[in-house]
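In what follows, a structure is listed as structure tokens, so that the remarks can point back to it.
Each chain gets a letter, A, B and C, in the order it is written, and its residues are counted from 1.
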């Protein structure tokens, strides 16, 4: 009798060949093309790319929160615990949002509702998903505020967002997202808008909470410094496509795609990104992201790539494994040396 | 808050003074002898002289203005040229129907406009939005008397469900009062709903594009919860403001509606005063309506804090 | 792009502008061609045609003294459009003058604006009623009276444009360079004023047509002898229960005209969409 081979459990979240497009005046803009990845329970996966690369769009499509119109998921599938989210009704999706999967956003200044108190905003998800009554929800909201280490939590409960600093607001956002104990937390540039010292504090808090809650984190960022601090695996996307994927250590030590190398060169250490962005030079890679409303022939990065050869302009390189678990889509990936 | 309210109340005094100056001096801006115009074409020289005396036209301007303001402050708005009764008494007699009509119309307008604007913004660009906004443009293109007659024809002449004319004081029973009021209030309410609906939609559209609405959706809230709890409260300030402004339109509407439906209110009083060239009455009514307008908009200002905690006084 | 293509583009983007424009054009043509379109002289009294129902000859029927309501309505377009156009023009000219003075001369800004606030606090119908009661009913006086009530809206708009333009570096540069004031006005201020004033002007047009009709209807507008829409409706209202068409058909013409102007205004606002217009 052969020993029972356990089937590999379905990953917590899986994207299969996801296509997301936006209708514009000039036709369809293909924001995400053929994106696939998996996220295991308790894992932290980072998605890295420039603004406009499609990373935020893919995060929003997991929640099915792409504004439609103009956006539309035009192909592929999104599986949560093996179930296709694209087949879910809006009602089913609402039961998932904020409960199984929750999200924190980049701008803590604008992502909180200015006319509702902190307590109301944290409490409403608890009341909605866990059927708590008003006093219960209030008590739970207070617990959450303490969990995210907000000083004088009782007083803050009745405060309005405008009375809090940016770092405090982002803590409130985190408390809101974690209020119902989600399995997946999607964090879209959670620290980009914050001061450097506050960034470090918020990242520490997120790491600490992750250990306690065992939630998987899908971290969207353009800052490889943040990735090094937080993530276990990384996906790099460019012009809507995945160009590289691998364990954080491998990928940072020996990036196989010239675009990743460019990102690393441009963002050398944690915290430098915000100032660089203000100075108008987020990335020191020459050139701009290609237009996505026209078909791209060859490698999308080739026009900006120092390594590009003739073939890069003609044929799109396939995503191929170089080391175990480390994939890259570059004709010259094998030539890349460790940094 | 109280200090702020008092400060704002005091700030309305200059506006009221200017209103008073305008209303008073209008009489003297007219070309020729106002007494001759007011007395009409058949008047004899004797009639005109008597009118000049009654209006105090022979005194110097400032003296007359002083007398008049002193009177107004004592509650004396002058005396009707036609009936020889104090203008204030005439107005007080006609107050109830006008207040009832104004309040009912405003209530109906808000009841129609806010849900319409909210749904239009939510369904922006879709067929419901287009229908709602089409209705809105139609609403403020249609004069209130045309709409009144359409409704009269539909609801009273064809179906015979509502009384067409007149006003029954609320003291004679709620039901007769309400049925007589419904048709005029509906006409006026629909016309005023148009403007409020447009502003509601515009304000809601702006709010629905905000980041915190996306946050609310990410929490799993349903559309009604997002629209009412999260969006409408944020969109409230412009909506309240336009309701205050629409009060001016409402007053014009009241004058017309009272004429159409034979309601013995201040609007009818002013129309009758025009026909009788009874300027002191016209003057008094303008003053009262303008004061009401300024006070309503003061209340609107003071109410902002209820909707937006960022506004502190 | 050929004219046909650009028209098609305009049609797709701003259908309201085109529909409103066409309707307005139609009304304008009716007003100009009233003597040709009116089948019977609008002032002819014919006792036998009293309250005659609409038929092939009297399209909108006959009124209380047997005048042809269709002809009267067609002539009424002249009155309404003249009032709308007149009020829009005069209130823009006056409002622009007040707004420019207020925006550029700080000394009188406060006084002018308080006066404008005062006028705005008086319901426009009542202000017009008072003016007409005092000056006597005539078409000119109606136009003047409505204009007085509309001026503050234009003045406020013009002032706000001036104030935000004064913040702009190009205006400062022009002042520093010693450009004469009138040249600054002509080259920098007025061009920026054009779009918002045009949009505001169409809305004033629409509201003036409505106000004129209301004034006539309550007996404080154009003299009863003139066939303005408000007068025609006011005359028909005493017999509304037996001849509702005497009120509703002229009312329809009035509503369509105001609708047309409002559609043009909305279309212009969306089409021009300069910063200042979005505040209207």
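Basically, contacts are C-beta pairs under 8 Å (C-beta built on N, C-alpha and C of every residue); 3 or more make two chains touch, one makes a residue touch a chain.
Since the model is a prediction, treat every value here as computed from it, not as a measurement.
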**Prompt:** Is the way these chains touch best called a line, a ring, a star, complete, or other?
**Reply:** line
**Prompt:** Between what two chains do the most C-beta pairs come into contact?
**Reply:** B-C
**Message:** Using Cα averages as centroids, what's the distance between subunit A and subunit B in whole Å?
**Reply:** 53
**Item:** Separation of subunit B from subunit C, taking each centre as the mean of its C-alpha atoms, in whole Å
**Value:** 21
**Item:** subunit A and subunit C: spacing of chain centres that average the CA atoms, whole Å
**Value:** 55
**Request:** Can you check the complex and tell me which residues of subunit B touch subunit A?
**Result:** 125, 210-212, 214-222, 225, 229-230, 233-234, 307-310
**Asked** Can you list the residues on subunit B that touch subunit C in the complex?
**Response** 14-16, 18-19, 21-23, 26-27, 29-31, 34, 37-38, 137-138, 140-146, 149-150, 152-153, 157, 248, 251-252, 255-256, 259-260, 270-271, 273-275, 277, 279, 282-283, 285-286, 289-290, 293-294
**Request:** Could you pull out which subunit A residues touch subunit B in their complex?
**Result:** 63, 65, 69, 93-99, 102-103, 105, 107, 110-117, 124-125, 128-129, 160, 162, 173, 176
**Item:** subunit B-touching residues of subunit C, taken from the complex the two chains share
**Value:** 114-115, 117-127, 129-136, 206, 210-211, 213-214, 217-220, 233, 237, 240-241, 244, 247-248, 251-252, 254-255, 258-259, 262-263, 266
